[in-house]
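Multiple structures follow.
The same subunit A turns up in both complexes below, where it pairs with subunit B and then with subunit C.
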Partner chain A sequence: MDLLDFARGPALQWAAYILVAGTIWRIVGIVLLKEKPDFSEPRARGGLGAALKVIYTRSFTADPFKPATMYPKMLAYVMHLGLFAVVLLFVPHIMFFEGFLGFSWPGLPNNAIYVLGVAAVASGIALLVRRVTSPVLKLISNFDDYFSWLMTMLPMLTGLIMPLRFGVRYETLLAIHILSVAALMIWLPFGKLGHTFLVFITRGTTGMVFERRGAKT
Partner chain B sequence: MRKDQNLGEYLRTQGVSRRGFLKFCSATASLMALPPSAVAQVAEALAAARRPSVIWLSFQECTGCTESLTRSHSPTVESLIFDAISLDYHHTLQAAAGHGAEAAREAAQEENKGKYILVVDGSIPLDNPAYSTIAGISNLDMLKASAKDCFAIVSVGTCAAFGGLPGANPNPTGAVAVSDIITDKPIINVSGCPPIPVVITGVLAHFLTFGTIPELDDLGRPAAFFGQNIHDRCYRRPFYERGQFAETFDDEGAKAGWCLYKLGCKGPITYNACATTKWNSGTSFPIESGHPCLGCSEPGFWDKGGFYEPLSTGRFDSGAKLAGAAVAGVALGAVAAASGRRRQAKYTKEG
Partner chain C sequence: MSTVDGRHTLDREAERLAYKPPEIRHDKQGDMGTEERIEKAMHHFVKNFNTQTASYLDGCLHCGMCADACHFHVRTDDPRYTPIWKLELFKQAFKREAGPFAFFYRLFGFKKKVTIEQLEEWQHLLYDSCTVCGRCSLVCPMGIDIAGLVSMARHGMFKAGLIPHELHEVAKRAAETGSPLGITPDKFEDRIDWMADEHDVEIPVDVDQADVLAVMSSIEIQKYPQSIAATAKILNAAGEKWTFRLDGFEATNFGMLSGNPDWQKEATMKIIDAAVKIGAKLVVLPECGHAYMALRWMGANMLGKPLPFKVMHISEYLSDALDKGKFKVNKVSKSVTYHDPCQVSRRGGATGAARNVLKHLGVDFREMEFGGDYNWCCGGGGGVVTIKRADPLRRRVFKLKMNQV
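== the complex of A and B ==
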């Protein structure tokens, strides 16, 4: 078994098991927790509508914070949208998903993906620079922040250097790329990257609680 | 070709003009990635070359490699170069058989001790010597005996170079490559199923010109021919970059000549000269004929998943194991939540 066979086979397979088990573990572990007792008189019902509202409104910066957060917010948008496009709209990736989902969707030309990928990586680097140069951000950052950044960037970087090659054989780069994806899949449920599947659950919960307490959302 | 003739004299008797010969030398030098200044040296050395003795052993193989060479675009200079070697033993091509033929092989080995080239096609079975024998001699014994005094070994075809089809899972004969057995001789792997004829003649031309083996890649293949992958040299590459793929063998994309990646093309992980030298007098190569590259010049190509399975497809087992992982996740989550609830109760009581 060569490195590519290992990456495409056992590495990816075990990463998928850990991703699925870990993700469900985190979600079930949170959902089944006992709800914190709220002794205040409810100002509103705090139902699904409240949850959906906050999921939407928290996607944008509130006016008072715009001057302070516009720059990182834009970078975060570019990084996330670039990541989304690279993962889901690059044709070889679509074929990977089709391999186990059984259906596919249209992709973007490779050159468009390269541009979006470079934009995503550049934004990621800019966000990291901001994190290490801002005293406040630096103070509240821990290993999880930096390691999660690395785990996200590695598949992007290893994917982007594949067309350039740098004298390394394609199959070696492909194997390294797949292994970096496997590492991301393994780390994803356990660190701050868990926001991938928790972001809407937590926002929705916040929305419901806030509305119940009469806070403006 | 008579033994006292050199190659230049022989080619002239076959009607090859000086211009035609130089054209071949230029092409060969170019294929071997030699500088233009080396063309004269190639021509001079080739013209003066005497017939080197070649002993060709065929083991667990399909004769496709020999067919590729002998039925290639004859009668070109390449095939005449092939004629110009002293093929002292090749049991598919020779008229003689049995002990007489074996005696001729042994005599040629003795006469050209340390100078002859040993060409091997086919893999060698190790599980049971009786799986493949010639004149009652096992492939293993014959290889060891013939390799002992050779100058170098050329493993022709993927079977000899890497085990090939006989070595594919479950490898019922315990087939191995030449390099798994012979470790004390230079081995040039000319892989492919079959290999490209001009690569064989290129290797011979290099040997005739310089008296050495060419520069090899990490798999022991001539770097000049196996240095780049099919994908990088493929004329359909622009379609790959534009995201234009044939989805089936008869759709509009296939008719328009779009990239065959989705149909399982292994071009990105296959190193060979198909896209540049092409086949059948430079007519085309498999991708040009509308079929994805199978990756036949790579080790273990039979076991790298389906030929029509796209390269980016993961290798997952059944979904049952993933479902098992999901169930495990639910169980772990329930345990974590129960533990959390206990802590919550404790804090609530304390608080």
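== the complex of A and C ==
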């Protein structure tokens, strides 16, 4: 078994197992903690509708906060959208997903993907610069923040450099790229990248609690 | 027993405006040893962890945006006032003791046990520099209710005997006498008699059966007793069968602000018991913001079942009564703006009530830029107003509100 076979086979397979098991463990660990019932008389309907509303609305910044948060928000948007586009709309990725999903969807031209990928990496770097220069972020950041940044950037960078080759065999570059994806999948459930799924719980919870009060969400 | 840090004495006699606080003053209550304080803090931090708090504490992205929403940070640029940083110890306790991967955090020492020095430092962050106004909760891209977590973190601080001296004394006085300002039932009755006479208004007291129970805050009884007469005039004009009760008149809840759920429950139960005794269908709360949170949204949970009566802030009562035509008001030809109490509006959901009352009054109402739910806090809520050493910081923060107005 060569490196590419290992990356495509056991590495990716075990990474997927760890991703699923770790995610379930983390969610169950949170959900199993006791929740006290709220006996207060509701002013408005909470429930799932309220949760879904805030999951959507909190994606946008309220006007009073826009001036102060515009810059990091824009960077975060570009990084996330770029990341999603590269993962889901790059034709070779779609072919990979088709391999086990059995269906495909239209992708974007490679050039567009490269632009989005570069924009995502540039935003990621700008966010890192902000993290190490802002007094607030320097204070509140920990290992998780920097390691999660690295784990997210590696698949992006290893993917973007593939056409450049640097004299390295395509198969080796592809194997490194897949291994970096596997590393990201393994780390995702354990650190702050867990916001991939936790965001639905935190926003949803706030939606249910505060919409029920008729308060601002 | 509450004692002041011996290195920096508490100047009890100084005028508040002249008060120069020591740079560091970590107050302590009780005579627990260091280890016992840490254990108590951790134990009572952990007691608050449920699905909601766990997802919040596990979900922070460390994006720092909450700093830009916090008046304490905006006015000082001190990164320690970043709202989520005020919860660092609470987060640390969660990850180490109760989180999904707590076992690994403990095994490999990834999250250390909190130290007494940290707890002492966080006394300033959790009490002096947070009014629990919840503005930070609105900016968080993860939707984390940071303000709610601060209130919970205070439980651990209180049980460890590590809260600001003055707030402890006020809360203790409220627990012992029923009022943070030491207003006894006799004194309240005296004030009622005085106001009834002064304003020539009938003020029912200790009626056996009534539909409406009205309660007051000590600050009104002590400093603005005309509120007593005003409340009576309104409820009389609306034709309500109502009463004040001497066994349940205090609306404020410093037990809640100090972080002691036992005192919080005692204060809440006094109102609930009085209302139940007279068969009240409605309890009308005074202006006090945190009183609204304590009874409207937390009262039933203190009781452990739904309240057998409705709870309204005075602005909600007025709004409702005017809409129903229970009484009419004279038009007022003045321009006014309105400062929303954070716990009533932003966190309580009654933002529209006061505006509706102003509409009925026909005033020239001028909403502040980013007023209403996004308003800047006055800086005195959450118990901060009681803490003398926080006065300079509080006044500095108040400037934001002044500028907004």
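What we mean here is this: the second predicted complex is superposed on the first by the 205 of 217 C-alpha atoms of A that agree within 3 Å, B and C clash if a C-alpha of one lies under 4 Å from a C-alpha of the other, contacts with A are read in each partner's own complex, and residues count from 1 in each chain.
Just so we're on the same page, a residue touches a chain if its C-beta (ideal position, glycine included) is under 8 Å from a C-beta of that chain, and two chains touch if they have at least 3 such contacts.
Quantities reported herein were computed from a predicted structural model and do not represent experimental measurements.
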For A:G29, is the partner it touches subunit B (first), subunit C (second), both, or none of the two (neither)? both
Could you say whether A:V20 touches subunit B, subunit C, both of them, or neither, answering first, second, both or neither? first
Should A:N110 be classified as contacting the first partner (subunit B), the second (subunit C), both, or neither? first
Give one of first, second, both or neither to describe whether A:T206 is in contact with subunit B, with subunit C, with both, or with none. second
Which partner chains sit in contact with A:R8 here, subunit B, subunit C, both or neither? Use first/second/both/neither. first
What is the contact status of A:K53 with respect to subunit B (first) and subunit C (second): first, second, both, or neither? neither
As a test of reading the superposition: which chain, subunit B or subunit C, is in touch with more residues of subunit A? C
Which parts of subunit A are in contact with subunit B and also with subunit C? 25-26, 28-34, 36-37
Interfacial residue positions of subunit A with respect to subunit C in the complex: 25-26, 28-41, 43-44, 54, 58-59, 61-65, 68-69, 72-73, 76, 134-142, 144-145, 190, 192, 194-195, 198-199, 201-207, 209-210, 213-217
Flag every residue of subunit B that touches subunit A in the complex, lowest number first. 229, 231, 240-243, 245, 261-262, 268-269, 271, 299-300, 304, 310-317, 319, 321-322, 324-326, 328-330, 332-334, 336-338, 340-341, 344-345, 348
Residue numbers on subunit A that touch subunit B, as the complex places them: 2, 4-5, 8-9, 12-13, 16-18, 20-34, 36-37, 91-93, 95-96, 99-100, 107-111, 169-171, 174
In their shared complex, at which residues does subunit C touch subunit A? 49-52, 54-56, 58-65, 67-69, 73, 77, 79-80, 82, 84-85, 88, 98-101, 137-145, 296-301, 303-307, 310-311, 345-351, 370, 373-374
